[in-house]
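In this document, chain identifiers A, B and C correspond to the written order of the chains, with residue numbering beginning at 1 in each.
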Amino acid sequence: MIRQIFIVCALNFKSLPRRFWTSMVIVVGLGATVGVLLSMLSLTTGMQQAILHSGDPGRAIVVSAGSDSEGQSVITRAMAPLIVDAPGIAKDKDGKPLADKAATMGVPVLRKDGTKGYTTMRGLGTKGLALRPELKLVAGRFFQPGRREMMVGRGAQSLYKGMNIGDKVILPGGEWPIVGVFSTGDLMEGQLVGDADTLMTATHHANYNAVLVRLKSMDSFDTFKKALSTNPALSVTAQRHSDWYKRVSSESTIGLVILAYIVGAVMAIGALFGCLNTLYAAVSARGREIATLRALGFSAFPVAVSVIIEGVVLAVAGAAIGAAIAWTLYDGKRDAFGNIIFFLTVSPATVGLGIFWAMLVALLGGLLPSIRAARRPVVDALRAT
Amino acid sequence: MSSAISLRHVVKHYRRGKESVEVLHDLSLEIPAGEFVSLMGPSGSGKTTILNLVGGLDSCNSGEVIVGGEHLETLSGGQLTKWRGHNIGFVFQFYNLMPMLSAAANVELPLLLTSLSKSERQRRVAVALEIVGLKDRASHKPGEMSGGQQQRVGIARAIVADPAILLCDEPTGDLDRASADEILTLLQQLNRQQGKTILMVTHDPKAADHATRRLEMDKGQLIERVLVGA
Amino acid sequence: MKYFPLVWAAIMRKPARAILTLLSVMIAFTLFGLTIGMNATFTTMAKNARADRVYVGARFGGDMSLAMAAQMAQIPGVSMVAYTNGLNGYHQEKKNKVYAMMADAKLADTLTEWPITRAQWDMLQKNRTGILISRQQATLWHLKPGDDFVIASPQHPRGDGQPWKLRVLDIVGDVGYMSGGYILGNYDYFNKSLPLAKQDKVDQYFVQAGDPTHSADLAQKVDDHFANSTIPTQSITEKAALDVSNVGIDISAVDRDIALAGMFMVLFLTANGIAQSVRERFAEFATLKTIGFSDNGVMALVFLEAAIPCLLGAALGVGLASWITTVLPRLFPPGQGVPIPMMTPSVYLWAIFSASAVALISAVLPAMRLKRMDIATALSGR
């Protein structure tokens, strides 16, 4: 049986050049579908990767109960010590807990292409830098606590105007000069950092936004979380930093992801009809060839399979071309959504998805024509002109 | 009787790759109106070429082709097309009907080019179908008819615009004896009762019997076959 | 017209092919309708944007104070100042996010183009715990007038610790740029019920410019006024706010590209179908020419054979897109909606234009072949 399938398929592909343009309908249809799908997903994949890359599961973030973002959260000066003294937090070389009280605020910026954007200004506390070993100085110097000055991340510098050392950024209470550039290898590279207390004074905010801690060990999270939730004086939520970012990631991207799949599905349906059309025509064109094989003793199943395989091969070829085009046009391009700077990504996973999508369409599109190929009476097909 | 069809010193050659094959050398032919002429000859002798020239489907390299008083060699492509619609009816060996249209719709095709009203067109279609004896088959598709019936539809289509001349290319070539005879009788009827000039190319000697004049093509030359014992 | 049966017979010669082509064209135009329709929404929104409105927000996030209203009203060029504070919370479950704009009375005088009657605005003043809810939100939460809507809000808790129980006063029409719908409440009631520390805050000011031609300047003036204060502002005119190309990802370009991809797919399919059909029927076309159909007549037949499925598919597709826009909001989680595409006349015109272009391009090559056809050879080919 397998041998028969091979022979029939080989014969089929030999006759394919005669059906070149009709076959191209499948290639173009799936190429367009997968190309569009992957282009849209390059946005969401890029965003998700940038966000997920940023969460360290060995850190935990504490925000006020019910807050979805650090900006919404309020940790008062009274609450802060209670959090910092909770069990489960790692200690630094001085024996003090590695916990940082942070303040954040949004800062409007102008992108290099002229469009409006915004990013986050992050006020770090005394332990802020110790908590973030991934933060490295790339140029200039660190900001000094108590001074109205800031550092910009590498990503922010490349995407926004006015982010070079010496430039000044308008903040409440005046302009803050940029004194250094840092890299972290994650989302924070799109942001600005300065001293939390100075920031809070300048903005007349009495309260912090969040507390970030380094856990003693991966397992101490539960202890930490329990201590906070059972404290009647606190109404806060603790999450691993990685989980926090997972939620942020899905919330930011869910709308676009749904849209991408809707568009992809609609185009796939359009491609499906094109597929059906082409494969019906192929069966028709191969009528005599199929009938001869049947008369010679080949059974119906290999014939049917050959139709589906033809569809799948063409569809996958189209998907590959579409993926290649999407990759060439978009992969690696820098973009920003809100304060999230990311790279558009056509990842191997999404390419795999695109190919799978195409195979599904081809299987569905090949089913009916393959049945027709198998069922057509041999005598009729031999007689047909 | 004036000539309905006149070919004078017609030369026609075809290009086959780099070669030029001369099919008609200095051919002259006069066919008076009202004649039923059969034209026989081996394949490639040029009989279909003569038909195409008379029908304005092809043009000669030199000479004159005068049909119904019109010098076809002076008309442009567009003018030939229009002229053809009014003056010529074609009957083909393989009928050339539109498979998805009913008999009536097939017959109506030439009338679509006129400015006749729908009811007038339908009246003429009915008349044509009546003449060929297919009135009760008007709504049937070609696929539902025998070869002889399809050819009758073809003839109905050829006469519906009432052209003066019918050009038939092997009209009985694909039919069995009985159907062939029916078709030939019909053509004869159209010639005798309606005065249509008919030029018929055929392989069939029996078909030639129905004509009023028999011609043969042999190596590009026309030979008249006189009736023996008419 | 009288040639229709001939064209129809040609199309229906292979019914399966005709139907599949039609369906494919229809699907492509559904996508076309949704994407170009969304662009039409953006264009309409931008066109209908009020030239005299300036939105003022806090430059660095967070809330502004009520005290700023009096100062803003003093700025030369400002004819009216209205404000809202937002109630951010959820209904029953944390994932059911709700956002209500608790509005001051003057909002009725500035949002005059919104589909809310004077009587409805007055309801908010007469029933302080009441809310007006737009149709999309009403459908989402299954609310009708008279129902109570309970919102829990950790971010804006009531002073007494209870959740917010608001009564639905009436259902009002949706507004294009408020995707997902909106809810309006009474600012005064909201403000007085908050804990003291959270009172007298504003999250959005609506400033009306006396002179619409200088609203951009006015926006700058407001920002300059508050630049060195404790709460610097970021002001933007409504026209600028609704200009989609100014936001990070240019959605209108994305829409256009998707529509083009769909059209390309359809073009290929249709061109192929027509080419095949003409090839199969060469002798038929030759016969038509012998009967007397002119070259142009035959080419017109081919074009019509391509145009009818394209135009029909376009009409059906855009119609389907229109239906989809009614269910579109349901596909997205609350608070994550997309602007609803509108099938404006311009969308239909673009669809007709595209369908005709596809038909024309598809028919060109086969029609040229027919024009150049040698009738004699075509007929003898049998």
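FYI, a contact is a pair of C-beta atoms (placed from the backbone, for glycine too) under 8 Å apart; a residue touches a chain by one contact, two chains touch by 3 or more.
Computed from a predicted structure; not experimentally measured.
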Chain nearest the global centroid, as defined over all protein CA atoms shown: C
By count of C-beta pairs in contact, the leading pair of chains: A-C
CA centroid of chain A to CA centroid of chain C, Å: 25
Centre-to-centre distance between chain B and chain A (centres being mean Cα positions), rounded to whole Å: 72
Centroid distance [mean C-alpha coordinates] between chain C and chain B, Å: 63
Residues of chain C whose C-beta touches two or more other chains: none
Per-residue overlap in chain A, given as positions that touch at least 2 other chains: none
Residues of chain C defined as touching chain B within the complex: 2-3, 5-6, 9-10, 12-13, 283-284, 286-295, 297, 375-376, 379-380, 382
Interfacial residue positions of chain A with respect to chain C in the complex: 21-22, 24-25, 28-29, 32-33, 35-36, 39-40, 43, 64-67, 71-72, 105-108, 111, 115-117, 121, 170-174, 203-205, 235, 254-255, 258-259, 262-263, 266-267, 269-271, 273-274, 276-277, 280-281, 335-338
For the chain C and chain A complex, residues of the former touching the latter: 16-17, 20-21, 23-24, 27-28, 30-31, 34, 59-62, 88, 94, 153-155, 227-228, 230-232, 234, 245-249, 254, 257-258, 261-262, 264-266, 268-269, 272-273, 275-276, 331-333, 336-338
Residue ranges of chain B touching chain C (in the complex, touch as defined): 48-49, 52, 55, 57-58, 77-78, 81-82, 84-86, 88, 90, 92-94, 96, 98-101, 105, 109-110, 112-113, 118, 157, 169
